[in-house]
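Naming follows writing order (A, B and C), and every chain is counted from residue 1.
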Amino acid sequence: MSTHADATKLRLTGVTKSFFTPRTGTTTLAVAEMSLDIQGGEFICIVGPSGCGKSTVLNMIAGLDSPSSGRIEKDGQGITGPGADRGVMFQDYALMPWQSVEGNVGFGLRHGTPGQHLNASQRQERIAHYIDLVGLRGSEHKYPHQLSGGMRQRVALARLLANGPDILLLDEPLGALDAQTRLILQAELLRIWGETAPVSERKTAIFITHDIEEAVLLADRVVVMSTNPGRVREVVTVDLPRPRAGTARTNPKFGLFVEHIWSLIRDEAYRAIGGAASADPASHQATH
Amino acid sequence: MWTAAFWLSPGKTQGVDLPKSSAILLLQAYRPMWVSLRAFAGFFLLWWLLYLWNGNPLQLPSPVKVFEALWKLLREGEIAEHASVSTLRMLTALCLAIAVAVPLGFLMGLSRQAQQFIEPLVEILRPISGIAWLPLALFIFGVGDTLPVFIMFYVGFFPILLNTMAGVKQTDSRLLAAARTMGVRPLPLLLYVLVPSALPTIMVGIRLAFAASWAAIVAAELIGAPSGLGFAIEWYRQLLMTPKVFAFILAIGVVGYLCDVGLRALQKRLTPWAEGSGVAS
Amino acid sequence: MKNTGNESSTFIIVRNLTLPVLLIVLWQLWALALPTGSPAPTPIKVVQTLGELLSKGDLVSATVQSLGRVLTGFSVASMLGIVLGLIMGSSQAVRENLDPIIESFRPIAPMAILPIAILLLGTGTPTALAIVAYASFFPVVVNTVHGVSHVDRKLILAARTMGISRLSILTRVVLPGALPSILLGTRLAMGVAWTAIIAAELAVGAKSGGGGSGGIGQMMFVFYAYNIDLNAIVVCMTVVGLVALCIDQIFRMLEKRLTPWRQES
């Protein structure tokens, strides 16, 4: 823990978000009164049933949307819009189909703010470095439609990192991949994020997922949200030792964390798929 | 093989497995070409039979005569002359249409207000086909070069405008969001995200515009121009030199086909990442 | 037109009419600045002419005549086109053999066939019908082939596993599956047919010295070359546009009614 006066990287205070539908004249409260402090170098996962506002919160942190009330501050300053300091990785990659791998990874460096102070050869170096880091060397000139899902996700990751953000926002980045690819990329993500490096050298990461096991594997803390309206149910601190890539799943505490979090959202998840919570025999057992 | 409709035996694959001798392999490699040749041979045979049955060479000439006329016209350069005139007019009209419709399409695609304001006028003018403008245009421009170009411009304008607008509006908002999170400012956003994203649809619009314009040029030149392929058809009809009429009709088809091939190649070159377009009409 | 839900319909109508009305007003002002006796069309005179032509019945009869020809030519071409499209769509062998020919004729516009048609059929209704049929044929065939050949093979396999007879598969799986494309083809064909009839009547009117082919296209030509009346031409143009719009709307409604399961693309 830092003894710095205010090491809080990101602070949400009383953030709410409501949407107004003109057609029906109704206002829906998507996120209600959310407050959260995130330290620099932390890996935070947000889990919750569908519709609990996870993506809405991420969009607000990214600056793509603004809260209806409350404040979001990064390094003590309010957030006013999107910027390269908060990089986003989307679920469907959002790669430019007309650019090659090299063009996509370098897109922000060439056309946005991150690369403004670099000259062309410095940009090239940076691009090559990150393509190498995610293990795509040799595919620089391929186009997205020629790549597999896993490769596309790595391009998106390389692009994210090449822009040098200090906060990484990842919206269900592994959701569209098959289970085995997901396992591989989880390990890759931890490695690239710097699991083995000291905290001060890591980037802050906020990762949204449906997969509870994934959340427990990756995160320092798991923010469990409930739905209707979206709010923080509990913040679970996952104190499993790092590095986790090969070891976490066999740790007995892993399963306990997973069950605990599942018990928090199980009922709502059942309701979300139109079933009754009492149908699940496991819900009759106390797990925490 | 001929009557194997796919819904009669959906599980079976088409074709028979022959032992592969080298001759068969050669045939299979160039199969599409053989099939096309055979189809055309059948077509010309049918034509020739019809010619014999019809008996009036002024109405329906023999295919042989038509090819003779075609060869003669090609050698004398007359086809090249009229074809280049028509093609030049078409290119002029197409470039003009692109120059006006693409920016307007971007404006209407980006600004809801602009679209709501301008679209009604577009929807009113669009059903009035270019052909319907012929008499009025004839009065304004008279017989000459401007008339075909104007008609073709009008005809080509709408597909390009509508496709540009659609292309802009269909831009994946995630791509725009992604670019914004990289700190990309509005102008680079337009140039480096919106334009490339809309380009495939715009190219489809251009191809549609070409097809429509090429059809319109015949009518325009038939009635209102002193030169060009459309003019040539009518000219030789009045002289009752029917083989030449047929020859020029063939030329219209060939030039149209070649231009479309050229446009498709351009499309492939400019937008290599887009999959093939759906069925045209 | 687009409605974001919080605008009144009057506002929308006013907004839709703004640009067209503005242009008409400018047109009229421009016309006022012309010397009297100028043949240029003006909005006011156009409306007057509309009234005259309607009361004389010429406009209606010409339109009906053109529509009749379109429907006849379209019907013949559609029937041929759908049947041929079904056969071609079902059998790859047939498709391979006929496709080169059909594709070769596509860049040859209906109007290019006109001189041949005149040579073979003279300058009357048969020629106009031939042009319309030629024009309507291609959209119908191309779209029918596309629709039939793209029927999901899995649906057919599923039907077979339910013991459905071959004929029923054709009528209950293939045809409904291809129907959206077929209807699209007919809608496009009608549009092309209407344009073609106007063009054909115009050109035939030009070639036959203003006599006997009838129809609204020919009427336009007469007003251009013989009873020069530009206002009447504008009236005809408007009618052409209106009819095109109506035809399109009717066919769209038909599409919706006959294929309610289709999603908007």
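One rule holds for everything that comes next: contacts are C-beta pairs under 8 Å (C-beta built on N, C-alpha and C of every residue); 3 or more make two chains touch, one makes a residue touch a chain.
Treat the numbers as computed from the prediction; the structure is a model and nothing was measured.
S.K.: Using the touch rule from the top, work out which pair, B-C or A-B, shares more C-beta pairs.
M.R.: B-C is joined by more C-beta pairs in contact.
S.K.: Which chain, with its centre taken as the mean C-alpha position, is closest to the global C-alpha centre?
M.R.: So the chain nearest the centre of the shown protein is B.
S.K.: Express in whole angstrom the distance between the two chain centres, defined as the mean CA positions of subunit A and subunit C.
M.R.: Subunit A and subunit C have C-alpha centres separated by 54 Å.
S.K.: Averaging only over C-alpha atoms, locate the centres of subunit B and subunit C and give their separation in whole Å.
M.R.: Computed from C-alpha means, the inter-chain centre distance equals 18 Å.
S.K.: Taking the mean of the CA coordinates per chain, how far is subunit A from subunit B in Å?
M.R.: 48
S.K.: Help me check something: in the complex, which residues belonging to subunit C touch subunit B?
M.R.: 1-2, 15-20, 23, 39, 41, 90-94, 96-101, 104-105, 107-116, 118-120, 138-139, 142-143, 146, 149, 151, 153, 156-157, 160, 166, 169-170, 173-174, 181, 185, 188, 194-195, 198-199, 202-203, 206-207, 217, 220-221, 223-224, 230, 233-234, 236-238, 240-242, 244-245, 248
S.K.: Give the list of subunit A residues in touch with subunit B in this complex.
M.R.: By the definition above, subunit A touches subunit B via 62-64, 81-84, 86-88, 90, 92, 94, 96-98, 107-108, 111-114, 143-145, 159, 163.
S.K.: Which part of subunit B faces subunit A closely enough to touch in the complex?
M.R.: My answer: residues 172, 174-175, 177-185, 188, 192-193, 196-197, 199, 271-275.
S.K.: Show which residues of subunit B lie in contact with subunit C when the two form their complex.
M.R.: The contact residues of subunit B facing subunit C are 1-8, 10-11, 14, 32, 35-36, 38-40, 42-43, 58-60, 112, 115-121, 124-125, 127-129, 131-136, 138-139, 211, 214-219, 222-223, 230, 233-234, 236-237, 242, 245-246, 249, 252-257, 260, 279-281.
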